[in-house]
Every structure is written in structure tokens, then in C-alpha cells.
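Heads up, the next two complexes both have chain A, just with different partners, chain B and then chain C.
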Partner chain A sequence: MKTMTSGKTTSEQDEPEKHPAEIVRPLRLSNGRPLIAFGRWWWAAPGMILVFLIHFVATLTGGYFAFTDYTGIGSFQFIGLANFVRIAQDPAVVGVIGTTIFYALIQMVGTTVLGLLFALGLNRGLKSRHVLRALVFLPLALSPLAVSYIWKYVFQYDGLLNESLLQLGLGDLRRTWLGDPDTALWTVAVVILWQGTGLAMVIFLAGLSRVSPEVEEAAALDRANQWQKFWHVTLPALRPSIGIVTMLGLIFGLRLFDPILAMTGGGPVNSSKNLALLVYQEAFSRGNFGYGAALSMVLTVIILFFAILQQFITRNRDV
Partner chain B sequence: MNRYTRLTFLREILMIIATAIFVLPLYLLIVGSLKSTSEMSTSSAIALPSHLEWSNFIEVLTTTGKNSVVIGFINSVIITGVTLVLLILLSSMTAYVIVRSTRRWANIVFYLFLVGIILPTQLGIVPLYLGARALGLSGSLVGLIIIYTGTFLPLSVFLYATFFRSHPRDYEEAAALDGAGPFRAFWHAVLPLMGPVTATVAILSGLVVWNDFFTPLIFLGGSDYPTLPVVMYEYIGGLNSAWNKIFAVVIVALIPIMIFYMVTQKRLMQGFAGGTKE
Partner chain C sequence: MNMNNHRHNLRSGAAVAAMALCVPLLGGCSTATEASGLDDTITFAYPAIANSNTWETMAESYEEQTGAKVEVEAIPIDGYNSALSTRLQGGNAPDMFLTEPGTNGVGTGVTTLGEADLLGEVTGAATDLINPDELAAYSVDGKAYGFPLWTVPKTAVTIDSNLEALGGKWPETIDEMLAMCTAAKGQNLSFTLGQFGNPFTADGQTLLVATSSVYAKDPDWDEKRARNEVTFSDTEGWHYALQTVSDMFSAGCYQDGAEAAAGEFLADVMAGVTPPLASLSTGEADIWKVLADALPAEGFSVQAFPGQTAENRRVINSVKYTVSSSAASEKDEAIQAYIDWLVEPSQRQQIAELTGGIPAGELNEETLPEVYAPIGKFVTDDQVISEPGLGIWPDAVLQAMQEGVPGLFTGQKTVDQILGDMDAAFDA
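Moving on, here comes the complex of A and B:
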């Protein structure tokens, strides 16, 4: 049987369009059952149970915990909206929500702009483009935690950044980047931009490969300058790519965790803390499971809100 | 059209400089890991080491106990490997049945999986931890493997389902006419042809599982079975800014990823860009 199928494989792959299998009705026995059984329903059972438990049951249970004062041990009470009232009335937590959104916007705008610049620069013609693309993409494969330590070193007081500022005669700008509430969150932003640029670039390169050279040539014949060519030919072709890059940037930015914990621990004075880190600290360090679940729910709502909003905006532009 | 003009040359130089600045942190990492502690504090960050200090790596690799990088490495390999095998097996079979079935429930299940892709995992993490603890699965590799498999199932099922939809049924029909049962038809006539999807699923989820820090920190933190990122976090926390040793830990953790990256780089980039294909 094995030899038969493999023999068929090679001849099939040569002309795959010749067999529109969807049109051919499956053969049936007289009792209406198909002659050929395509699998058994219980093959899907383990996968369905896992997804049901881990995605749906866990999310719903988490939603329920958000309205309780569960501490992880013993009994707990249903306390209604008390957790959410506490969140809204705590200025520190409201600040953390603001920081969460800030990271997402930085990640979204930053990776879009940087990724687009690298994609345009490395698109065609360069002899070294394959090597350079691979290098820009590389940080994405590295673990965010490991990457954070490299950048923490650069941002140290006697690190490369301050050293370079001194060399450039800008010694007055030196500061403790990680320990200053004004700059701590920018250090985290640099790390997420560094990791996310490669992904954005690759998605934009895929989009650019769909711009046909004929259209570009036609634009050149119409005496379009570089900027007009970019605005009227390249950018419209990149719209689907922009939709994907901004969406990924938003979601990654909202869920950010490793670089904050590794670089600043959320400090100084909460200035670089986001919701994901606060959830971790409340639920798993302090054991406030109910309150942590309520914070998770706020984060979930923010993620869904921005994902839907972003979909809405990019879709509207397409029309 | 694609002549190599003076402008192209300028662009090439510009992009080489931009990329060089972009990867400068990786250069600092390699140079720093090979410096001695005194040289680390006296020399410039960009300077090459005066002599190669391999003892940083030896110290990192021979540390025992909870901060053993070697044990963390083995645990990460086990978790990533078993998760991928389970994930590929379960998602391919689930997707196959869902796509080939003519019954209504199959379509409903497919939409539930789609919702699973969009649903953020944040809210579920607290109950998942409590559930795993109640079942005695927190602090064990088994619990983490189950959670990872479940987390990545919706996306993998979606990828496989897209593939099966466009895959002709002739192979299974031929196998069935030869007397093979449904399982043999699937195993011998369908599974071997799924190479591209399997590679995408394995590369994308394998990378995320290997690099993940948040989930093992919660489920394995403080246990005897930490993964590599957890070991790295705890080890580095105790090093107190000994950057040459910190960098040695980081490099040891990055080596497998770098090898993997060099082998799969092209496929990896295609996999990530694949989402843009209509």
C-alpha cells in the first residue's frame, strides 16, 4: 500500500489542478453511509476537551473569581463589584493601566515605522539584503528575557549609552536610565521595539513583494517622483500588512511582561509597571487571587477593545 | 529596472550601517562574556577582550542545585519536545475530523476553536493555576505540557484545517479502496503530505514554548523542575551585576536558539509573513 500511495504522490504533485476533489461526491453504500470513512469523531475528542477546559472553562472561572475575595486558600465570598471599585479608586492602579496602553501604542507605532523603513531599505537591489534581513529578524527568535539583560547593561549608569553621550559631548544628558521614573518605561520600550522590528519588516516585505513592477514602471512613466510613487502605489498595496503589523504590535504591547520584570521590576515607584506585571504580583506573589482576576479582566477587556477598534479602523480605510 | 546604480550603492551602505547599529547589542554580549571581571569594569563596552576568559562559561555550566543551567536546559528540551509531539498529533487529527466530517457539530466546533485563538489567555491563568494545584500538577512538567498543548491547539487546528480544506480526498479514497481503515488512511496517506503545515506549527509554537518565561515562572517557580528561562532569571538575580557571568548565562541559553535560527531562518521568516497571504 505504501508503494502505491507514494507512486501516486509524485504523479499527483505534477498536475494538482486536474482533480477537483470537492466536486466528486464520496461513494455511498446502500444504507447511506459513506463507503470511505474519513476518520472517526472521537479523534477530535482530546483536542476539544483540552481547548474547552483551558480556554473556555478557565476564562469563565477567572471571570467568576473577579467578583470574589478569594485568596487561594479556604473559603471565599461573592463580593460583587468591590474589586472593580477598588481598581477605579486606586490612582496607582489607574496609572498602571495608562502605562499598559502607553506600551501598546509605542509598540504599535514604533514597530510599524521602523519595520517599514527597514523593509523599504532592504526590499530590492541590495547585494547584502538577505544577510541584513536575517540580522534584523534575529532578535525576534531570541528570548525576551535574555534580550532584556543585554539592554539592561547598555542602560546602566556606566553603560554604553552614557559612555556614548560623553564621547559625543553630551555628558549633561547622562542619567541612571533604569532608576529614573521619567525614563524607566522608555528603556522597556526600546527593548520591545528592538524585538518587534524584525517581524514587522518581514510582514512588510511580504506585502511589498505584491507590488507589481509594471505598476511602478507606469508610475515612473507618468513622471511620479519617489514620494508620489510611495504614497500612491506602494502604500495602498501595503494596507493589509499595516493592519496585521499594528494588530500584532497592540496585542504584544498589551501583554508585555518579561522585559519589565527583568529590567526594572516595575519601578521606580510603579513608573514602568503594566497590568500583566501587576496581575502577577497581586495574584501570585501576594495571593490576592480574586483581586488579581479582576485586574486580569480589566486587561482582557482592554485587549478586546483595542483589537476590535483596530480592526474597525483598518477595515474602514480599505473601503 | 533593477540596475545597480549609484543610488543603490548609497542605500546599501546606509542599510549596512543601520543594521550594524541594530545588532550592536549582540556584539556587546559576545565581547562581554569573554572578559574578566576586572576588565569588564575598566575597559570600554565596545573594546575587544585582551584575552579570552572562558572560565565564565565553565562556572555557569558547572553550577549545581536549583540554578543548574544544564538541568534547566534538559527540562526545557523535554517540555518543548513533548508539547510539540502532542500538539501536532492532536491538532492534525482534530482538524482532519472537523474538516472531513459532514455533520453540523463539526462546524460549530471549528468556530469555537476560532474563538479560542482570539480569547486572551490572561483571565484564565489564575484558575488554571488553581486547577493545576488542585490536581497536583503545579510544579511538575506534565502540568505545563498539558497547558502549553491546550494553549496552542486552536491556532494549530486552524492551520491544519486550512490545509485539509484544499487537500484532495483522492489519497484517502485510494487507500480505502486498497482496504486501509480510516486510521491507516490518515496515517499513511494524509499525514506524510502535511510537511509544510507541520513545520510551521512546530517552528512557531516551539519557539514560543522554548522562550516562554511567564507560564513556567508561575507553574514551576520554586519547584525542582525549572525551565531554562526560569533558571536564568533566578541565577542572574543572584549574580549582582557581574555582567561577564550574566552574559555567559545568556549566551548558553541563546546557543540552541541561534543554531535553530540558522537552520530554519528562511522558513521562520516565511511562517511569520505567511499571515499576509490572502
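Moving on, here comes the complex of A and C:
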């Protein structure tokens, strides 16, 4: 144990004082600057230039194509707002935007509620909670495209779900889940909830670790019931986590792509198609790169709008 | 020597060592390239599917016969379009590659790539293999940029044992077919495979019906549509074609879940299980080769799809892939030599055998492969037609059909709506 005497610790006092010649000083140039200087601002310049070129220039260039008739190959012409006029006049796009928002709301609300429930259930007490947490989190560690193809095997007509229904004597409930406009949307919703809940749970678990047991005990001494403890103690402490989870859910939901492509391809007749898939199909399958770029700008504006809205709603993050 | 100097020397030494390693490595690479004579080697890319080695076999034959080398690059089929278009525009495309006639979206359409000056012009004997009626799908401003080496009919392939179980007689008319669909369901069989989760099934099935209801009656229908003398909406044959596909679905012609199926049956086939189908009738007939390889005990036949009337039945002769070269390639002589070799009759015959198709050029009943014997009569009677819309329809017309037809099964679309969408796509 170190003790302080006259401003120095005993360990410092035990060390013999070094001769001034033994002290290694950094080599300096004649103007007094060190020979090797760490942390100069321009050391970050290459990285900043790369970020600028890769992110901003590429994005701005992509944005420019929204005002052209580029097909993805060969030359193109500037056509002004024609692509945006076409978007506004296409009734199918309105439906696709509606589906995009549906997925975003499902992802945002669903993962928030399920993630919170799992976090509360697996926070303390349960002996197997670590294993169960890992199981809930596991889908997040898997490739979204790969698991979507596996889910497709579950939902296809001769897949696991229909076979299970048949084995349970519920054969009448079998249906073409992926080919029915009433169910195709929900099959995708199941997959995004299954995959997104783990992340929400982990964020909420981190938030729950901030809830002081003493405060909960104090609430219990005040004879607060479970609901009152949750509402008045736990939930306020989780506000920052809720803000993050809803923000991530919203953004992931708006730019959802893999499960729709793998499971339904956006069908039948656009019933499960969102803007991200429409952008992909127009730009890369149909050769309407300019139109696809315009659609992606619309998607960007929608994401921006909802992100600002979400920030406004959850703006009070202070506990 | 203090610590900073020591570190500085270490860094300098490491840099020198790295350079010393890199220089001979890079030098060695260039030396190896020069020594192996790769300059005379041309590269050939194709979209790869399982168990297909047609182009590797042809390259080996070519090297055996001529000593010239062709380096074959098998690009997975699902990324072929984007890989090819990216590399063509980036200037590092293979010297030769497979393309598709017409525009065909992004990437591999001959006219799309030709208009962008990315393809080398095709000259000589190869141009003789292009059907003069289909020239628009292979050329831009009178210059051809791709040519076919083999063709594949778009019609029905029957699984003979299952057809036998249904009485053995392939239907000649749509009415006979619809009756057979109902009978097949009673025997736990389906008349034909429906994979409407794949876009090509919807238009493929519709066009098969339209061969009799539209093109048998009016072979110049596409040209008339281009001149705005007719429309999809006001052509009775197109109403009939779309309605027939809807009727086929209602009559149980397809397997359960066909509206969302997308190739799942192939997994069973590859596992050696004969699918409970009497036929497969969307896509090209060369599927018989895949089936025959996987199910060697089964027999297969290529049959004309039933028509509005027996007399109106037609067979579509489709060019699945064309061969093109990169405009940026500097190996013109080597490319031309390989093309000249490929278009020789014996090579075309070999390619047809390997792919399960028919050699490109003049169709002849006597030279048809055995599996195609049932359609020999159509060849003799000149009842083989080109692919509807090829080189004339904008891609968006097929897309409207692909998107709309499944809606007939789910109640989301009507025949009139789909035809209206097709007209709008044509006129856009």
C-alpha cells in the first residue's frame, strides 16, 4: 500500500533519482519541434479524403443520375425532373411506399416491444438466462439473406409450416403463404421480427443494467406493485435505450431488402414489395438506372423524415 | 544508439525488405506471363449452372485441334449479367462471352451492349446463322454483334412415365388439356409445372398459348403492333392466352402452391426423385437434358404445347444465348479464328449435344435429336416460329406480363388490366 509523505508516494521515494543524462528526451529539430510528431491533423487526411470520395462523391453522383435517363450501360441524357414526375404518376409506387412504411413500423414497434419483453424476462433471476439471451441474439449473427432463404423453406407450400399443420390435423389451414397477398407481407414481418429482436433485447439489457436495485427496493418498500415499479422506475431509465431501439428499427425497416428478395420477390403483384426492392429491380434488373436513382432519393427523403420524426418523439432522453 | 534511432532503423529495414520482396514477385509475375505465351490465349466467359461444362469441352477440343488456347471463365449465373456489364464498362471484360439476343434488361442483351459500342462486330460465316427474321435482335445500325450456335425450342417436355399414367396421349388442344388437368389431379399428378415465383414462368406460359391464339393466325402481329395497327387490348388472341393461363390455374393444371413456387422441384429431381408432373412447359426445352442426367431411368419427349385448335399449334424456336466478343479486346485474329472454328457444323453439333439443344442454322426434321422427334412434323410443315416480341417489344412489356399474370390467380388483376399494362409499356 502506498502512503503519501510530503506530496510523494513511498514507491516514488524508493526509486533512486535519475541523472539528467539518463533521461531520454525526444529528438527535436533545430526549430524546437519534435523529429517525429504524433497526432498531426493531416494524418487523418487520407482517411477523410477516402470517406469523402467513397461516401459523399459516390452519393452525390448517384443523386445526379436521378435526373438522367441512364440505363446502366452506355451514354445518358439529362432529363430534369422527368423521373420524379413518373414516380408521382405511378400508382404502384404509392402502394410500394405504403408497404415500406408498414415494414418500418412493424420492425420499429415489434422489435421494441419484443426486445423489451425478452430483456425484462432475461434480466435477472433466471438461471438459464445467459443461454436464452444467446439464443435470442443468435439470429442477428446470421446472414440475413441466408436465413431468409431458410425461412422460405418454412413458408413454401410443401414447407415446414404446412407440413406441421398437416401433421397436427390442421390441414385445412394450409395455404400458399408466400403467394397470397394477404399473408406474403406477414411472412416477411415474421422474419424481420425474428431477426431484429435480439439486438433490441441487448440494448434494453444494457439499459436495465443502469436501473439501480436500491431504487427498485425503495419502490418495493413503498409498496409499489410490479407494474408501478416498471412504469415509474424501469421505463424512465430505459428512455435512452428506447430511443436507440426505435431509431434502429425504423431505419432497418425502411431499408429492408434481403428477406423480401429471398422470400417473395416483392410479389404477388407488388403486394410485399418495398422501395428498396423496387430501386434494386428498376436499377439492376430492368436497366432503368436513372429511375432507380430517383426512387432511391425518394427513399432517402422518407428515411430522413421518419428519422427526424422519431427523434422529435423520443427527444427527451434524460432520465 | 538510442531507442528512437533503433525503431527508425527497424522501420526502414522493414520497408526495404518489403520492397525487396515485392519487386521480384511482381517481376516474376510479368516474366511468367510472357513466358507462357498468354498473349495468344483468349478468354471466354459463360453463365455457369451445375453440371455444365460445354465451353470447357469446346476449349479443350479447340486446343487439341489447333494448339490455340481458350481460357474459360464460368461466372455463376445469378451474377452473370452484372459481372459482364461491369467488366465491359470497366474495360476488363473477357475476350468472348455469351450474350442474349435483343435488349433483355441490363448486362447481356446484344443490342443493349451493341448500342453502347461495347461489342465487336460479327462478320463472316457466323452471320449466316442468324435468322434473317430476327436480325433486329442481333444488330445495331446494320452491324451484327452476336450470333447463335444452338437453338432451343420453347415448348413442353413430357415425363413419359407420368404421361403414360394419364393415358399416354399428349393433348392437342387447350380444351383437351384442361380436361386432362382435372384427371391428373385425381391421380396425384399435375399436368405441368408452375413456378410463378419466377418471373419467366408467367410470360413463358402465356406466350406458349399465344403461339396458337395470336401468331398462328397473324404471323406479322408484332410488326403490326410496332406500327400501332393493333394493340394487346384489342386482340382477341391475347385475351384468350391470358384467360387460358388463368383457367389452367383454376383447373389444377399446376401443382399446389404454383403461384409462389420458384424452382423447388429441382432439389427433388437432383436427389433422384421423379416429380409428380406430366410435363414442364415454361422455359426452354433443354431442361430435358438436366432431367435426363438426374433421372436416367426416365424417358422424356419434347412436344408441341396444346393449341387453341390442333391445327393452330406452333413451336417457338428460341435462341437462348448468343456469342459475342468485347470491342476492347485486341485479340481480333484469335477471336475470329475461334469463331470460325465454332461455327463449323461439327462444332455446332457437339455444342447442341452438350447443351441438349439443336444446332443453329437451317432446321431439318431428319437431323433433329431423338428427344425432339415429336416436333419434327412442325419443322417439316414450317410451323416453327420465332420468339414473340424478339427485338420488337420493349422489355417492359414482358415485365408487365410477368408481374400481372400471378395477379390473375390471386384476384389482384384482370385480363383487361394486364393487357392495358402491356400496351402502356409498349407505348412508353
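Operating definition for what follows: the second predicted complex is superposed on the first by the 257 of 319 C-alpha atoms of A that agree within 3 Å, B and C clash if a C-alpha of one lies under 4 Å from a C-alpha of the other, contacts with A are read in each partner's own complex, and residues count from 1 in each chain.
Quick note on the criterion: a contact is a pair of C-beta atoms (placed from the backbone, for glycine too) under 8 Å apart; a residue touches a chain by one contact, two chains touch by 3 or more.
All of these numbers come straight from a predicted model, not from anything done at the bench.
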So, does A:Tyr157 touch the first partner chain B, the second partner chain C, both, or neither?
second
Touching A:Phe65 in the superposition: chain B (first), chain C (second), both, neither?
first
A:Gly267 in the overlay: touching chain B, chain C, both, or neither? Say first, second, both or neither.
second
Would you check which partner chain A:Phe78 touches, where first means chain B only, second means chain C only, and both and neither mean what they say?
neither
Partner chain(s) touched by A:Val136 [first = chain B, second = chain C, both, neither]:
first
Kindly classify A:Thr176 by the partners it touches after superposition: chain B alone (first), chain C alone (second), both, or neither?
second
More chain A residues touched by chain B or by chain C?
B
By the touch definition at the top of the document, which applies to A:Phe284: first (chain B), second (chain C), both, or neither?
both
Regarding the shared-chain residue A:Pro46, is it in contact with chain B (first), chain C (second), both, or neither?
first
Considering only touches as defined above, state whether A:Met297 meets chain B (first), chain C (second), both or neither.
first
Give me the intersection of chain A's contacts with chain B and its contacts with chain C, in residue numbers.
24, 26-27, 35-36, 72, 156, 158, 284, 289
Could you list, by residue number, the parts of chain A that touch chain B in their complex?
1-2, 4-5, 8-9, 12, 16, 19-21, 24, 26-27, 35-41, 43-44, 46-48, 50-59, 61-63, 65-66, 72, 118, 121-122, 124-129, 132-138, 140-147, 149-151, 153-154, 156, 158-160, 163, 194, 197, 199, 202-203, 205-207, 213, 217, 240-241, 244, 255, 257-258, 261-262, 276, 279-280, 283-284, 289, 292-293, 296-297, 299-300, 303-304, 307
Can you name the residues of chain B that touch chain A in the complex?
1-2, 4, 8, 11-12, 14-16, 18-19, 22-23, 25-26, 28-29, 32, 41, 44-46, 90-91, 93-94, 96-98, 100-101, 103, 109, 112-113, 115-116, 118-131, 146-147, 149-151, 153-154, 157, 168-186, 188-189, 193, 207, 210-211, 213-214, 217-218, 229, 232-233, 236, 241, 243, 246-247, 250, 253-254, 257, 260-261, 265, 268-269, 272-278
Write out the stretch or stretches of chain A touching chain C in their complex.
24, 26-27, 35-36, 71-75, 156-158, 176-181, 184, 264-265, 267-271, 284-287, 289
Chain A partner contacts - residues on chain C that touch it in the complex
2-4, 82, 85, 88-89, 103, 105-107, 112-113, 115-118, 196-197, 199, 256-257, 259-262, 264, 395-396, 399, 403-404, 406-407, 409-410, 412-413
